[in-house]
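Two complexes follow with chain A in common, the first pairing it with chain B and the second with chain C.
After this line comes the complex of A and B, so read on.
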């Protein structure tokens, strides 16, 4: 056997291991980046905000929703969220309480003000549209670290920033996505862009974050998010207002009784 | 409390009062009523509900005033007004209390509400019994981590208002309105008591309730002149409601046991509704969600002649289109399992004109056995079309 073929045989023998080692490195790196981003957005304890949603169909016709929400960070579990709908006005006073649990199904209740009824609802429908928008429930839900498997892809410039690009694969059941590609800026680990790939692994949507503001405690929030559906031509803009990390909220503000007394 | 509302209405506080209005326009059509009949074949309503709320610049207080009124093309008793709410709610860390007129809903099932008992049903408003009159109450609630204990003191009993006899959905016998009889010696002045312990644990939501006082459901006592007088007996009622929420399945149960005072015409009974709802989300990769639901109603009185839902099955479908107009409908059939009686019911709604809502409600009494409690509704098929506008 000539030395050169010995060399090829040697390479052939070790190539798979080499790429495996690479793959596990990429996974470790991906998890490391996601963990850092998660760490930087931990410890806020509570927050509240107002949101306006602008839905646009393919013809550019707009409709709007207004929602205010409160969130409580829960140590060792998913966040608790209370959302109150203001517009469209036919659903005003409707409120939703969610206790998220990472990989386990969330607990969710809906308050219907017309008959003063609180209904426990199924949280099975993660991939369904939120209020007819291009955001699925899973896009707006509490983003726990353990909900995805991560893989580092590359460094890349993204607009004004230098970004890490990571791929994340949902581990929770009933996701509408095979994978997501996330661009995080290297300085502050903020999400700059997310691409969503549907169950057929085709590019479905892109979410762009802009107008980041820094709040006390070093928490960054984008004032504007733009979700574009490439398959339908529809889009949804989220505008965020009145972020408040100061007004204290406690566990007692997140129960079925609280649903009925929101103003 | 009235003093506080007087204060709230003073000019300086008025700016802090959140004001919302709902104008509803409704047409009711009864295609089964013959042109020669003296019964109403169609009628139109305009209703206004206002809601004023204020927190009085406090973290603990919320005041609510919710008057409702409507005028009817048929006039008379069908013109109708009610104070649905006028109350003050105080909230603290782990308890809250409310005083005034308010509404309370208990229960989990869709095709009937057995456990729900605090408020009198507003029969002038809707056939499904979901419209309620305001009830005077003091409620004190102790909030625990995953449960709540509510205690109620309920003065000021309210009689049921009955539809006038020319209304197709009216009871089939003449009622002497305003001449109600009571099981309680002090009649309408009797103070009722109620309590409920409710909460959740994992996938289970539960409620155990107790009511002691004047029944919201009247008995009818035949008079020598051929009319009937409503009589409201004293009752002691226990109620249980349970829901299991697991994946795409909701499993539901409501059960009551009602015991009557000795003078009552009715004897003690138990009743239950149990059922399930299964939802197929994003059917065939669309945005469309389709739910299948079935609920079985059972009543220990087992008398189909007097109890409409004594052994009946409701089977239906719920559709959510998940479009920007939030279009949805619920359609189903009530079938009596002891005879051939059945009725079809449809509720559909859709957002229009930005933020108004259009609703269609229809019920058809397809086949009605002459010995069934609903036999008088034979020709009373109805279609109700409503438009709600919000300001």
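After this line comes the complex of A and C, so read on.
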């Protein structure tokens, strides 16, 4: 046997073990990157912002929604979010309160001004479209670390950045996805792009983040998020304005009673 | 012309190797285009891209979402859907259905998003959860909910609760059309196989647009693999019996094979996608190509029998046949090219491929055929005097009995023409396939037991952004939905108003009195928002509501209707809207609407095509016969056969669909061939040999009678083979063409001789073609 074939035989013999070792390495690495990203976006305590949503159908017809929201960081659990709808006119004053959790289903309530009542939203359905858009609840809700299983894939340049590419598999129940692939820039660990794969593991949607701004405390927020549905040709753009990390918010601002007092 | 054709005949029989080589090179070169041929698998090919009804439907689907679907229908043998076992099976199949390639939505009994009031809250949850552990009372609660739910009844569950369905909505990207639908269909069939293996006490039926598209492809393929070989075998047998020699039969086989592959190659180069209609082109070409070969070979054998050498005899045969064979090929091609008037692109393809094939057949039968057969041994047998004698006797009889025959045949023609209007336009596209194509029996079962395959969509516009929550608009939509539901043809109505009513009821503790529309706009909008937020992935309302919340899609499922009934229903719905809900008035859109209109439009446009073919062919006849009077006379034997055939059709069947609307134009070019052969021989006798009309008729019968008889037999046989197609559009077309071809021979044999003798004075009165004094025939 020539030395070179001995080498090949040797490699072949150990390849399975090597890749197995690689697999657990990749998982550790993936979790490490996700943890770093999570760390860098921790400690802001509270924030508020305005958002405009532009929905487009295949024919290019557009429709707009306007929402403002407040968020409270919760140590050891998911964030609390309060969203107030301004447009379309018919749902003006409607407000939504979300207590997101890790693996547990979120708690969610909706205040309907037309009947002046707060209604609990069935909690198991996180996968449906948010206000008819291409964003699902699960795309918009806070991305707790323990919601996914992570795996590092590779380094790759993504637009102007150099990125880590990681795969994450939802661990919570009733997700609409089998997996997501996330591009995070290596310098700031910001999400640059996310691909969503549906139940048949085919590319369903791509989310592109752009126009990142840095806010006091070193927190980065994208002013523009573009979600494209590859299967239906529909798309949704989110534009963010008026990020505010200064005005203090407290836990008492985030309960069912607060919903009615927003407008 | 004589000199040219003689030179042609000499050249091809002298430079045989070169002729064969050049012909093969041309045929194979053109045939290489066949690599680009693909079968289509999209019913939309039946409509041109500028078809307004297709555009309306595409537009509607752009506003909401596509609703191409595959329907998996389950019928438990024990006859009861609401058992833990069956419901568990449905849930299992529903899960698997999500894995169908290109699926964007799966609806079933189990994942139906049922709303209930729990305390003060709105609970939206799948109708069936943990099916195995359901108790009797839970089962009856689920059954009652399902059978009372307008969104489910007669769509996913039959009223007797014996049959249920899982509906998979797919969105084919259209990137690689050749593989997308087949992939989806194959996955659905895999699910069927899985169900049959896992739940043996359950019958499975598959239908829906995906399966129908697949049926189009399978029908085209079955025509290719079954009809073409059958037609080839029958035709070759007939040629063999006619020529009684292997050499001629082999030569004919090569000519028709090359004509077919060259024509299909041309189709490939032209980028034509094969459809069931265009897949009858090969059978048509090989049927028509035979006539050229038979004419040339019979005269060749006859000349050899008369003592000429093989090559000499062939040169002579080419001289005699060159003009008539060219003329008949050109007229046949014109008939086929007139199919370009059709509104349905597959018929353009059928016409163009056939026309190209017919011209290739002419080319190869005057080049390759003479070169080839003169290289092979040929020992013509004596005889066949019997049939020739019979033809001569037939001629005598026709001449003797013409005073009875002419009015009799004339009356039959008039009688049949009078009943033509009794034909009714009818295109039932789900019945395009016969029982051999799985889609048909499955769809029949589904229509009989569960839900319709016909649907009509209306995009109802409220006129303002967010307007779908406007109570005034909703009230109108509800009225229209109710009216639709009351129509006898309607099996199911899918309407957003049912969603509003259901949510409103659940917002009021499931009180049935509250099963009605919300009375305030913002309340309706907020209820809808709450409900939409509770829906999971793939079960949203985006297929019913546009992004601006300005329009809703109202979808009515109908039982299988005829074209006239569909058009009448469509019109009735417009009339009702105009009268009662004028603000909603919009055009309906759906495949049944498209197929109904195209049947009608196609008949109108093919009248134009027929007129075109008639004028072009008549001008050619006048020029060829060098007499406008004879040319005009031939109108009778050219038009009568198709007219009689449609009269007969009215008496026997009476339903005219897409396939039949092209028959008149298409057959014109074929039936004219008989007339050309009969008339050229008649005129040759009358003008060159100075015979009187009766003697010239007798001469015609003696010289071409046998050839006409055998080519008619061959044509009828070829088209009868097409009439066995599993695709009814082709089958009906083939049958009617066969009838036309036979009637053409009847008219040529029984009526034309009488006319020639009766109007001999007028016909020959001014005709002076021999002396060149007729100004009209000179300019013609």
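To be clear about the criterion, the second predicted complex is superposed on the first by the 250 of 263 C-alpha atoms of A that agree within 3 Å, B and C clash if a C-alpha of one lies under 4 Å from a C-alpha of the other, contacts with A are read in each partner's own complex, and residues count from 1 in each chain.
We adopt the following convention: a contact is a pair of C-beta atoms (placed from the backbone, for glycine too) under 8 Å apart; a residue touches a chain by one contact, two chains touch by 3 or more.
What you see is a predicted model, and the numbers here were worked out from it, not measured in a lab.
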item	value
Side-by-side fit of chain B and chain C on chain A, or clash	clash
Which of chain B and chain C A:218 touches, first, second, both or neither	neither
Chain touching more of chain A, residue-wise (chain B, chain C)	C
Touching partner for A:159 - first (chain B), second (chain C), both, neither	neither
Which superposed partner A:116 touches (first chain B, second chain C, both, neither)	first
Partner chain in contact with A:132 - chain B first, chain C second, else both or neither	both
Partner chain(s) touched by A:57 [first = chain B, second = chain C, both, neither]	both
Chain B versus chain C as contact partner of A:43, first or second or both or neither	neither
Contacts of A:255 with chain B and chain C, given as first, second, both or neither	first
First, second, both or neither for A:88, with chain B first and chain C second	both
When the two complexes are fitted on chain A, the stretch of chain B hitting chain C, from 188-196, 260-268 or 278-286	278-286
Residues of chain A contacting chain B in one complex and chain C in the other	55, 57, 63, 88-92, 115, 117, 119-122, 124-125, 127-129, 131-132, 174, 176
Chain C to chain A touching residues, read off their complex	59, 62-63, 65-66, 98-104, 120-125, 171, 173, 465-466, 469, 507, 520-527, 529-530, 532-542, 545-549
Interface residues, chain A side, partner chain B - complex	55, 57, 63, 87-92, 105, 107, 115-122, 124-125, 127-129, 131-132, 174, 176, 250-252, 255-257, 261, 263
Contact set on chain B toward chain A in their complex	18, 20, 53, 55, 62, 89, 91, 93-94, 96, 103-105, 107-108, 130, 141, 143, 145, 148, 198, 200, 205, 243, 245, 247-250, 279, 281-282, 287, 289, 322-326, 351, 354-357, 388, 390-391
Chain C contact footprint on chain A (complex, rising order)	55-59, 61-63, 85, 88-92, 94, 96, 108, 110, 112-115, 117, 119-122, 124-132, 136-137, 174, 176, 199-200, 202, 231-232, 234
